[in-house]
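One structure is given here, and the rest of the page talks about it.
First chain written, first letter: the chains are A, B, C and D, and each begins at residue 1.
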Amino acid sequence: MRVGVLTGGGDCPGLNAVIRGIVRKGVQEYGYVFTGFRDGWRGPLDGDVVRLDVPAVRGILPRGGTILGSSRTDPLKVENGIRRIKENLAKHEVHALIAIGGEGTLGVAALLSDEYGVPCVGVPKTIDNDLSATDYTFGFDTAVGIATEAIDRLHTTAESHRRVLVCEVMGRHSGWIALHSGLAGGANVILIPEQRFDLEQVCAWITSRFKASYAPIVVVAEGAMPKDGDLVLKDESLDPFGHVRLSGVGEWLAKEIEKRTGKETRTTVLGHIQRGGTPSAFDRWLATRFGLHAIDCVREGDFGTMVALRGTGIVRVPLAEATVRLKTVEPELYAEAGVFFG
Amino acid sequence: MRVGVLTGGGDCPGLNAVIRGIVRKGVQEYGYVFTGFRDGWRGPLDGDVVRLDVPAVRGILPRGGTILGSSRTDPLKVENGIRRIKENLAKHEVHALIAIGGEGTLGVAALLSDEYGVPCVGVPKTIDNDLSATDYTFGFDTAVGIATEAIDRLHTTAESHRRVLVCEVMGRHSGWIALHSGLAGGANVILIPEQRFDLEQVCAWITSRFKASYAPIVVVAEGAMPKDGDLVLKDESLDPFGHVRLSGVGEWLAKEIEKRTGKETRTTVLGHIQRGGTPSAFDRWLATRFGLHAIDCVREGDFGTMVALRGTGIVRVPLAEATVRLKTVEPELYAEAGVFFG
Amino acid sequence: MRVGVLTGGGDCPGLNAVIRGIVRKGVQEYGYVFTGFRDGWRGPLDGDVVRLDVPAVRGILPRGGTILGSSRTDPLKVENGIRRIKENLAKHEVHALIAIGGEGTLGVAALLSDEYGVPCVGVPKTIDNDLSATDYTFGFDTAVGIATEAIDRLHTTAESHRRVLVCEVMGRHSGWIALHSGLAGGANVILIPEQRFDLEQVCAWITSRFKASYAPIVVVAEGAMPKDGDLVLKDESLDPFGHVRLSGVGEWLAKEIEKRTGKETRTTVLGHIQRGGTPSAFDRWLATRFGLHAIDCVREGDFGTMVALRGTGIVRVPLAEATVRLKTVEPELYAEAGVFFG
Amino acid sequence: MRVGVLTGGGDCPGLNAVIRGIVRKGVQEYGYVFTGFRDGWRGPLDGDVVRLDVPAVRGILPRGGTILGSSRTDPLKVENGIRRIKENLAKHEVHALIAIGGEGTLGVAALLSDEYGVPCVGVPKTIDNDLSATDYTFGFDTAVGIATEAIDRLHTTAESHRRVLVCEVMGRHSGWIALHSGLAGGANVILIPEQRFDLEQVCAWITSRFKASYAPIVVVAEGAMPKDGDLVLKDESLDPFGHVRLSGVGEWLAKEIEKRTGKETRTTVLGHIQRGGTPSAFDRWLATRFGLHAIDCVREGDFGTMVALRGTGIVRVPLAEATVRLKTVEPELYAEAGVFFG
């Protein structure tokens, strides 16, 4: 039995732990052999493979990124994409495929499995934690930890200089990272994409905060938007070199706050450091268990499924359903955090 | 409405976050006032109180330990203990009590609430994560993170010197910290209290590991025991200064491994560093939410209950049931980790 | 004997450790009393003081920022500034002043001491490490550590996605943080203000790097400039909200690299997280020793001097000379790092 | 030109950074080829070699330990040791040797170079920082950082439980790690091998500390000894399994303190975690520079020398003199720290 493995989409701490879990259990307990496909769906499309055995996964548990490489290649948008994948799987004698990725990657896996008879198992991956079928995804805990540590650091500058500090974190469509790191970091304002924010209210919180002893920290998800319009993302002026400007919400917010409250305000955009580096212990544990259970699915012929976390246990859900609904921050949960605003 | 708060038992990262959550919400949303009792049940026993208002909880979120102090004082073993507590609550006009602690602390709270008419709400705290009523307790994630980082560090020495490294972690009655940190740290042997270990098997794993490229790491919970007897804990010889010896299982194991495999073996006992310092982002989040929900219990008059985590939500369970059963590592879960042994 | 203490300029991990060292030794060994002035020179200007005794400095060693607050207020630019300072020192019976700060703060201290008979001792503070009179300044090691950890994290994204990652670090006039963190983080290109960079050469290094196995990391100091002109800092177009644009060199560089090499390129601007949070062990050690030696200067009546690190020892240098020359990265040292470029 | 490289003695964060610096500069700038010898002097003794080229050193900068392995093999104690080394160097056509190690390793290199005509260059390595010829050695900063973080964590337990916490750190012959981490961690007592301690004085400090708000932390180097005798190290009783007992000074001290002050006291022995894991930014920088300068020595034919740090510069010293004198903590420096005791 030969099993293919690929990782698609943005990189995420824990990918290597999944791969290691799959290979260690597959080889040692089930006697499987493995083929790694390079760069997500580009691998099976182009027949680009890489050796994947026990020595290949040695020492990768604490390493971020993915030894298989990744890409956002979508085989559905490639001519004869599905056929080429099927041909390459046949050529390499790959009998089953484990796809580790987000909505896009898993959507292709669902289609391949349900429509085209390619036995696929999915492992969910989104640093944003916005997949409804699972309590948590690996990478999220690491990202929240990095953001929280950064917010901890910003407190001292805010305090010493009596400045407002705006910290922009990841989260285009959901505010999980902002909410968790904001709460853990003791932010005084948390803004998320799920709920348009009122700039007046934000400024009122900031002003009231200055009356207490500390200067405020504002945590804002990159996808958060003001109530009054889509101003932020429409910023398409050209810079002196002819590039299109992409002014983030964090920078925009800082300027507005400074203008309206008269308080010196600074922005930090955490960016890519949130998704790199060694995974947290929780993410290594979750990713390893996802890997172990994914290869069990293969063993049991349970294809078209995705592994997921529910409480403390790993369950299986249909791939087709798994990626349908975005998991966003419920209004009640966001309201709960509101006690710390201002 | 005046609410008392106390923290009992061993210290645990996140205690301060709970206290802050309780006070911030209680003051700002419900207009409550608070009295802190010092050093667990000793506080209400002796009427030893401390100011607990919004300024008092400022800046404590990232700090380990507890601003209220802690102790293992058991009022049931103190003459007129219950009566003294009731008198002191009356004297300080405390109408409800939130007790943050483990089995012992919460057992007293259950009794006070159910038998003596003292309105109590419990918040579970055990760094060992061995309370059956909740998926996780705060402090555990921090401890696992610290242990995992230590194991990461031990790998390099094991590798460079081709030594066996034994790492003893917390866990007198349950192996959660050992299992999670062992898996996350890529340990080659994990030994837990729930299952007596076979020294021959441990040595066989170690010997086989040396045939692959890396030297082995053994993670052992302090409460793990060999199959052959209770040797370890019976070590009561005197040292040259007349003190009783307390040889831990880690040190014992290292000597036995060295003797039987001929491989140089070293031990590290992590000890108290596992329970100190700043809480992880996850623990701050969980502890904060426990605090917010505990004061909601008070608000709703829902006494005799304990807050608990189920999946991603906070629920309430009866205090009396909450502490009855120890949550130990199930054999299946331990078996799952076995693929990485040897 | 009453001694005043103030902290001026940008905040910097270690300021509190200096303050604690001064107060602990001053009180315990010399029986001095202290007055804290708030917000740098604004404190003595406005007579804004804060209690500064042993309890006030308890627990501040590991905390970033400064309990005294800071500002960039320059008394030389304030009407009657010097006179007001002298009057307030007299009013508060402050006989000597310890000023902790950078070029600006210490320049005032030098003037006060040398021209106006105010006994001052200086403690150097610059996170950029660009003061010629001392081997290192506290805060620098912490900043380099944070930047290095960030670069470590960026490697995994660069590798998994075969992208160029540009990391902009602090350093407006000197490249110390860029050079140290770039070397420690294994950057493939390091750009510093001391030497204008050749964009063609940068792109050549990047292209050559892609032929080896890893994707490149470019570390650039915020003050680095291209050979061809001052383009970067002259960017003064308006954004849609009428704010002046401040496009950093990192962002500019990423766009240019992408355009010229065709490789996907991303930027991370580390910003304020480099100067916040708990100081590194080295910075706590250095700052503490600076504090201990500064109060010794007061004790010995050695005013108009600044403490400095030379090798492993603390020495004293005249305040007036201390801040004259910027310490920049020597060409030979920068050339030494060049072996890792490309 | 073929150059051999070996790493001897205990492992130390930064060894890989030295190796990488040597190889990158040697190959790229001087066109050298390299032979790695495995496990210190055992490599050239047995002719045990390993490939060492640019791909071999890729990605090792942030990794602790040594890719060459290490041992404490002393060729002077092996029959025909020197002859066998010379034969193997000749056989592998190695023209020069870079030895990275401590006193023992470098002593052999000095002898080989000065007496037997084997061109050697030395790179100093001691985590204890006790080599007189250099301001700092790599690994030391990492160890101090780890110890400081542990002490930070112990504070919260000491505080919450009003306990004494004893933290035993590395340092058999010198107290550098204890002194630096003790100062950086805010310890209330620091005990070093250079100065026998008075148990009565230690207990007096502890008792006085309890009168202030915090519970005390005692940092003790493993080689520290009480004034009254050699009790600690003479502990050679047998445990129930027939092993010789090695009771450390930390454990001994905790028992004595508890007995004499009546205060609950706990010990943590940091052990091997101090020498493993990723090197700090400072250590990577220093180790890298040592490597670059060591290969320059080879290039210039400057054999029998060792690279060393003086201030911020790298210098060369004669190998023979370099290891003669242990660098211990001067009484004045230790006295300086005394202001924080009690």
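By our rule, contacts are C-beta pairs under 8 Å (C-beta built on N, C-alpha and C of every residue); 3 or more make two chains touch, one makes a residue touch a chain.
Remember, it's a predicted structure, so these values are computed and weren't measured experimentally.
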{"item": "Whole-Å gap between the CA centroids of chain B and chain D", "value": "34"}
{"item": "Chain A-chain D separation of Cα centroids, rounded to whole Å", "value": "40"}
{"item": "Residue list for chain B, restricted to those that touch at least two other chains", "value": "152"}
{"item": "Contact graph of the chains (line, ring, star, complete, other)", "value": "ring"}
{"item": "Contact pairs between chains, per stated definition", "value": "A-B, A-C, B-D, C-D"}
{"item": "Partner chain D, residues of chain C touching it in the complex", "value": "24-25, 28-29, 55, 58-59, 61-62, 135-136, 141, 144-145, 147-149, 152, 180-181, 183-186, 212-214, 278, 280-282, 284-285, 288-289, 292, 310-312, 336, 339-340"}
{"item": "Chain A residues touching chain C - in the complex, by the definition given at the top", "value": "10-11, 13, 15, 63-66, 69-71, 146, 149-150, 152-157, 159-162, 165, 231, 234-235, 237, 239-241, 243, 245, 247, 252, 255-256, 266-273, 275-277"}
